[in-house]
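Which chain is which? They are A, B and C, in the order written, and residues in each are numbered from 1.
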Amino acid sequence: MSEAPDPAPAPAEDPPELELILEALLFISSDPLNLQELAEATETDAMTVAGALQELAKRHGTGRSGIHLRHLAGGYTFASDPIAEEASRRLFSRPRAAALSPAQAETLAIVAYLQPVSRPEITRIRGVNADSAVATLLDRGLIDQTGRSQFGAALYRTSGLFLKLFGLTSLEDLPKIAKWDPTPEEQSQLRERLLRAGDARAGVNPPGAEEEG
Amino acid sequence: MSEAPDPAPAPAEDPPELELILEALLFISSDPLNLQELAEATETDAMTVAGALQELAKRHGTGRSGIHLRHLAGGYTFASDPIAEEASRRLFSRPRAAALSPAQAETLAIVAYLQPVSRPEITRIRGVNADSAVATLLDRGLIDQTGRSQFGAALYRTSGLFLKLFGLTSLEDLPKIAKWDPTPEEQSQLRERLLRAGDARAGVNPPGAEEEG
Amino acid sequence: MSLAAIELDLDVFSGPFDLLLALVLREEIDLLELELADVVLSYLDHLEARGELDLETATEFIVLLAALLELKSRLMLSSDEEQMLDIEPEQALEELLARMLDARRYRGAAEHLIELLSGEQGVRFRCAPLPAHLRRTELEPQEGSLDPTILARSVGQLLRMPPVINLRHIGVVRVTISERIAHLRGLLARGRFSFDEAVRDADRMTVAVTVFALLELYKRGEADWEQNEAFGDISITAREAQGAERIAG
């Protein structure tokens, strides 16, 4: 290979297809891949793969690329160049936006005002499967499981962290709903009203009947 | 893959540090990153980042690399070259996004164009119940819930994953819905045929004839 | 004219609007001669074969065809009777037209999306967790960083009742096929009854859905009927009972 005196360097020859495929596989996989796996995936043999990886390593060497090819115990994997360490910290260690998605906010609100409350109840009120929202809220430590209902469904309540993050001293401090209540004159219990509204949205709405009435 | 490989290619010059850092950041992040985020992380400005990305895109172009730089869902991200799809299927058990059923595609189209939109509205437009299509699209992460309508019906919008999987930078990339408008001729033809069915009462009234008592 | 006679490939229709649109646009089809009940049955058979039939969908489909039927029915009504119709024909027509065109637009958009997706076939993304050292630097969310009013507002939204639906302009009456089938089965228990009796004091939509329920029972082999003259009363007989009579006779 000749040195390029030209300030605009001529493009390097395109790598062979096998090398491109290996590059893509290593990129997609979050775990290291060994020669055997790569050979089976590309329907070739380990020797050929090893040769292609050697070429690939050149393109992904220090200074050439921000993505390095590394050979670990478990096989080959791509890793980011340590040169990007500082920038990664700035990018990924920002305080995580603590905002709740609408589905999470809704689920959390139901738990906060009705606790203890079961998942089927949450689903019935929201009209959408609540599994993923409940899982996220559990993950974030905003709700806890607290025993089971008489039918065996897990019951949820808000956590201490919940109070902290919302700046509340106790559940007594939860804001009054009246201000947002469409029919504040309604006398029945909140739980019953929420379930009724959920049922009405789910079942009684005839298809083809538009919302606007 | 290349049209005319240079018989004696010169090795490309090593890319500048900023380009390497950007490459590493895009590799680490599982979400697309926009110019602003990249500029802040690298402590430079969006213009400089855009320039470096242009160079990076050359190294990650078709035929050059198995990892392509794409501008999707409002930011930049790396994606695999489809050339590796067959090998990926052999290697990973997780399949690539499955195709959409006609019902799902229609529901997704309605959400994409009318968002935020409620299930009753979708049902009204499709003429058939959209519940299962909506549930599947939620499950697949192509749509999200975003608040509620004034009557409490859940509202849906498309997700970032939708843009990513469909190769869109933003919703602006979708053609105007008017693209599928019927021509005025088609419209009047349709109206006429419907009118004829309604007006031809007792089969006696040709158009323009007097109304029978 | 039956649906089979006009050779419609039902597989190409994603919904009732689609089907209606095609029917209306087929120049060679005279809507007035088309047996809508047959269209209904064929379409439902088709849905059933695809494993997508639910009574909800079936009812919705009836409602749509009813709009077409409404237009068609003007043929058979005297003008006196027509005064009783509660919607303007132009209004019904414009409504139907607008909905058909809307459905068609989104079907076009849907095809576009399917194309986009297939164009991206084979494109995969990396989905790996952040390297451990970067994860550790994730900051604890701050105390009091969330606004409790979002909770009250969320509950307020969930308390909203859907509006009572005004059906006047479409003339939709909520009556399901399953309800009418149950009603007819009740009457069938007696062995024989007249259609007029089955729909006494019923509104037009109920009558229409009852006809469909009757067709369904016929299809299932539970009932037979007889109509001696056009527009005459229909006499309905339970299949088994009829069989029994034959044996007896």
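Convention: a contact is a pair of C-beta atoms (placed from the backbone, for glycine too) under 8 Å apart; a residue touches a chain by one contact, two chains touch by 3 or more.
Fair warning: this is a prediction, and the values are worked out from it, not measured in the lab.
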* To do: Examine which chains touch each other and state the graph shape they make (line, ring, star, complete, other).
  => complete
* Would you identify the chain whose C-alpha centroid lies closest to the centroid of all protein C-alpha atoms displayed? => B
* Could you find the chain whose CA centre sits the greatest distance from that of chain B? => C
* Asked: Measuring from the mean C-alpha position of chain A to the mean C-alpha position of chain C, what distance in angstrom results?
  -> 38
* **Between chain A and chain B, centroid-to-centroid distance (C-alpha), Å** => 20
* Which whole number of Å gives the spacing of the CA centres of chain B and chain C? -> 30
* To do: Hunt down the residues of chain B that sit against at least two other chains at once, touch-wise.
  => 27-28, 78, 80-81, 83-84, 88, 120, 123-124, 127-129, 147-148, 151-153
* Hey, what residues on chain C touch two or more of the other chains? -> 56-57, 60, 64, 124-128, 130-131, 134, 157-163
* Which chain A residues qualify as touching chain B in the complex? -> 1-4, 6, 9-15, 17, 19-25, 27-29, 33, 37-38, 40-43, 59, 63-67, 78, 80-81, 83-84, 87-88, 90-92, 101-103, 106, 126-129, 197, 201, 205, 207-211
* **Contact set on chain C toward chain B in their complex** => 14-17, 21, 24-25, 31-32, 54, 56-57, 60-61, 64, 68, 71-72, 74-75, 77, 79, 89, 92-93, 96-97, 99-114, 116-128, 130-131, 134, 157-163
* Within their complex, state which residues of chain B touch chain C. => 27-28, 30, 68, 70, 77-85, 88, 96-97, 99-100, 102-103, 105-106, 108-110, 112-113, 120, 123-129, 147-148, 150-153, 164-168, 174-175, 177, 179-182, 187, 189-191, 193-203, 212-213
* Structure fact -> Counting only contacts in the complex, chain C reaches chain A at residues 56-57, 59-60, 63-64, 124-131, 134, 137-139, 141-167, 170, 172, 174
